[in-house]
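In the part that follows, the structures are each spelled out as structure tokens.
The two complexes that follow have chain A in common; it is paired with chain B in the first and with chain C in the second.
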Partner chain A sequence: MMWTMAFRNLFRNKRRTAATGAAVMAGFIGLTLLGGYIYCVERGLRANSIYLMNKGHVTIFKKEGLQRYATKPSLYELTPADQNLVQEQLKKYSENIDWTGTALTGSGLISNGVKSVPFMAVGVDLQTLDKSLTHPTVQEWAKDFLTQDSLNFVKAIKENPDSISITARLGALISRQIPFENLPAEQKTVQLAGMNLYGDLNAVDANIAVSHTTGSDMMEDAGLLAPFELLQNLYSTDGAHYMMIYLKDESKITKMVSELNETFKNQSLPFDAYPFDDPGISPNYVGSMGFLYAMAGFFVFLICGAVALSIVNSLTMGILERTREIGTFRAIGYMPKQISWMMTQEALWLCVLSGVLGIVLAAIIVVIVNGLYITFSPPGVAAAVQFTLSINGTLVALISCIFLLLVGTTSYLVTHFKLKMKIVDLLSDSGA
Partner chain B sequence: MSKNIVLKILFSSFFFAVCFAQAQVEMELLKASDKARGSLEKGLTWESEVTTVEDGESTIRKFKVKATGVDANVEALEPARNKGEIYLFNDRTMWFFKPSLKKPVAISSRQKLTGQAAIGDIASTHYARDYNPKIERIEKINGEKVYVLMLKAKANNLTYDKIRYWISDVSKKAIKAEFLTLQGKPFKRATLEYNNKVSSNGKMVDFVSKMEIVDAKFKNNKSILRYINPKMEEHNKTLFNINNLKR
Partner chain C sequence: MALVKLSGVKKSYKLGETLVPALRGIDLEIRAGEFTSVIGASGSGKSTLLNLVGCLDQPTEGSIQISGAEVTEMNETQQCDLRNEKIGFIFQSFNLVPVLNVWENIELPLLVKAKLSLDERKKRVASVISAVGLDSFIEHKPDQLSGGQRQRVAIARALVTKPSLVLADEPTANLDSKTAHMILDLMADLNKTQNVTFLFCSHDEKLIGRVGRIVRIQDGVIVE
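Coming up: the complex of A and B.
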């Protein structure tokens, strides 16, 4: 009965109801789209970091190897014996492990036979490269991050294990212009030189196969991707800088990292496990998400504030107009609590209707925006990616709960304080 | 008025003549010290043993150095894994080659080779060619008059930007050096000994026998370069031709 009456009351002042409803709806659309955008970006950057940047869900380093490997690689590399020890510890997680990989990083000089320029290299095992590029998560969330060059690189390594990929700017520094695929065979051959783990200068022949971009302007003059074995040969090692663990169930990352570190500590094993979202592992992911979460927090505050103020304004006006009516309700025996609840129900009705309309409008906006195929280049990502919006069910449910709670609480509190007047005063109020 | 101008001209000429003479003296000192470190017009051959101590770990490497003028061919002898590797110096250009490479690699003088010793330290030294000297002060070491020279790099691709160099007035040989950062702070210190002899123009002259380079910050990290069996030897020009290194 009360709910029906509350619903009917919405139509008593249609203009005000529409204005308040529009404010709630705009807030709902704003939060839904903002949340949907952040969700899409998070999933994309996560897939990029885990699969395309080859960090894995969990990364294992020699103890302090994350910070100190570059200064003393021989001391902080994961030797084959170390890798076996880690694999032993991973056996108990075998059901959730998709696969494990190894990576090697280093610096040196790339030479065209006339001049040499510095490079920063990353070498990842072929299995990881191959599986990562075709992984369903990448196909679903990070398809834009995937370039044809990445796919060509894997193909090139399979054909020639000395194949490397360098950035266009690094190529230009050694007088090699993109597309590298079109270079004559003689120009494709270059030499990589670097200090090996014994502290000696070493060099290997390599074959420029494709180009890539690092997504970081700072790294564009030096980016080099090489097969894991080629870098092992260059740095005269059979070890690796780090191991990557790829999981089937992403929700168990934190638990696994915590358990692994506990095991390493208890068994005095010199290793450190890191989740992919550690700032030292995926600085771009952490930086971008930190910025987005801060921005989202600010917008949530603004939107919720605007919605709450609209409700306060609307209800205050309603109470002022309906003072005598409220007085009559009180006179025939309604308790202030009941009247407050009825007016709260009116606000909740408005919130539900605005929310439903908001979801429909948000869905239309999502279809239009995604259809426009707007692209942009986020930091740390190789290629321009599509500005994608989505509507996430969990997020909509969460936003609905927040709005219902916000609207309900605001309206109950406003009416509760306004209804403290005496019945006589309410009945004699002029409404001014 | 005209008298004043004449005096000014005379004074300026005298001043520039003194400066020029001073610069000549500084350069002559440097050239003389370079001779005892392999900068001879005629061919010279020696073996270089580099003992590196870094973070408590010690390694020994051996090289055969063949130098003529500004060219040098440095061949790695030990350890076995490095055997056959060659560093070729053509004036200021430096190359690295190993038999498995299709082409040699051009490397910067700054590319560290082993421990505290840079590639430039192992080959012959041409500080007179690469640096502008200026006498900073004169010191007495063990009762001997020693010039302290500040050497500033003529080009920006040299192993070191600045070197403080102690040259004995009597022997005209460098006895110690400080390799400085761009800010002028020492990051490596070296001491030199001259117990070798080589024959030059029919005369036996002293030649460097040991150079100890110590990290200025971590004093336990050091490299000791021993110059073994130096001898005058004519070298075929093809030895220094980069094209002969290609596969």
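Coming up: the complex of A and C.
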């Protein structure tokens, strides 16, 4: 009967209940949508980093190779023998490994015969290119980072192993306009020149096949994606900069990295394993998410504060109006904590009803906003991305728990302090 | 043994910097089954006396025993239990919960303790509703009842826990004289038939003839 009474009490002052409910609901919608937006951004950046930037869920470097490869690549490359050693260690994780790949990175100059501009290249094995570009996660969360022709890259490599993909901005710098597929054959041919791993100058011919985007504004003027073997030729090596491990179950990344590093250490193997969200692996992901989480934390604090104050205000008024009634409850034997719980039940009812309404309204907003297909270019991101919202079940459950806890605690504390009054004072109080 | 025993009870209220004595040393015994009225002018201390007996307030000095137990030495939980199990309250303004119907209002004191079964609760509520003659009003909310009916609900709520003592603070003050007499008759009848001990205060001298014992209080002391 206490829950029933608490529910009925909501209708005593309908206007105040509606106002408080609206505040709770607005807070719920705000947090749900903010969380939904951050969730979409996180999934997009994650997919971009893991699949399109070719970092994998777990990345293996030669020991200290992440930090020192650029200065002494020949010392910190993964030789075929190193790669075999790593593959040996990965056997025990075979059930969770979708596939593994190798990548080589480097810089140099791309020349159209007249003009040379610098590039930052990533060479990736064909299997990784094929699987990454068409991966369902990419299609679902990071399709904004795919150019129209980037999906044709693997086909182009199979037809011509010297095919490369460059960003539209790099193309423009060497007077090649997208779509590159429409370029005459002579304009597709370029030369890549660079210092090989042993300090000698080397050059290879390449064929501009398709365009892609790096996703990062800073890298967009120099982005070049090449077949692994082509870059091996350019840098005169049979090794790789790093190996990528793509997992079936993402939840096991941390455990796997930790176990791998432990194994490498115990067996004196000169390798380091990193998760994709290490700042050295995915600085864009880490930086963007760090900013978003800080912003979200600030908004969560503001919204929770506003909701808590609304509850405090509503309950304080409710208690003032019902002081004598509370005195009566005390007189007939109710303990203060029982009365506090009674008032808390009232606030919880309000929270649940507002929350349910909030979820419905948030869902409507999500459908409308996503339907409008609003695109924008976030700072530091090269591509125009769609402003996407989503409602994530886990997030809604988490927000619901936070709100129930917040509302419950706030209301319990408010009533608890008021109930410290003497019973005679409560009974003689005429209320507000 | 006396059901209620007050010895040397004093109560003072602080009004700014000064202490205002409300009770100046009360010695009183109420035996089980008595129908007692505390009579006195407004401000004489009769409500204070009832509040102290009902454990709604603490005396400044003195001893209060109910069924032999010293209530001034009880902690909050013990006092709550005592109020719930042994004392029933009837208030001048009825103090019913407006969102609950007659049945639910009466059932309220039984919900404090989970030890009563649903069947037992139903039996007790039905019994007291019948005793106060409100069988056909169980679904009514307080605002759908007359003043007399509301006070009957309050009486039923006070009786539902089968208390040893029912305290009523000016139970007829908000009622017209005809209804007041009906309520008093009901209380007197319950006192006779169910042997419930009533202690109520009133300033209405016209009611004096209807009670078994009168305690007259004046300026915080019992004068008769």
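Throughout what follows, the second predicted complex is superposed on the first by the 422 of 432 C-alpha atoms of A that agree within 3 Å, B and C clash if a C-alpha of one lies under 4 Å from a C-alpha of the other, contacts with A are read in each partner's own complex, and residues count from 1 in each chain.
Keep in mind that, in the parts below, contacts are C-beta pairs under 8 Å (C-beta built on N, C-alpha and C of every residue); 3 or more make two chains touch, one makes a residue touch a chain.
The model shown is predicted, which means the values in this text are computed figures rather than measured ones.
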item: Chain A as common anchor, with chain B and chain C clashing or fitting; value: fit
item: First, second, both or neither for A:325, with chain B first and chain C second; value: second
item: Contacts of A:390 with chain B and chain C, given as first, second, both or neither; value: neither
item: Partner chain in contact with A:334 - chain B first, chain C second, else both or neither; value: second
item: Contacts of A:427 with chain B and chain C, given as first, second, both or neither; value: second
item: Which of chain B and chain C A:193 touches, first, second, both or neither; value: first
item: Vertex chain A; arms to chain B and chain C (CA centroids, nearest 10 degrees); value: 150
item: Touching partner for A:5 - first (chain B), second (chain C), both, neither; value: second
item: Least Cα gap, in Å, left between chain B and chain C after the two complexes are fitted on chain A; value: 83
item: Chain B and chain C footprints on chain A, overlapping residues; value: none
item: Contacting residues of chain A [partner chain C, same complex]; value: 1-2, 5, 8-9, 11-12, 324-325, 327-336, 338, 422-424, 427
item: Residues of chain A touching chain B in the complex; value: 72, 109, 111, 113-116, 189, 191, 193, 195, 198-205, 236
item: Chain B residues touching chain A - in the complex, by the definition given at the top; value: 52, 54-55, 59, 61, 81-82, 85, 96-98, 100-108, 111-115, 119
item: Residue ranges of chain C in contact with chain A within the complex; value: 51, 54, 56-57, 76-77, 80-81, 83-85, 89, 91, 93, 95, 97-100, 104, 107-109, 111-112, 157, 161
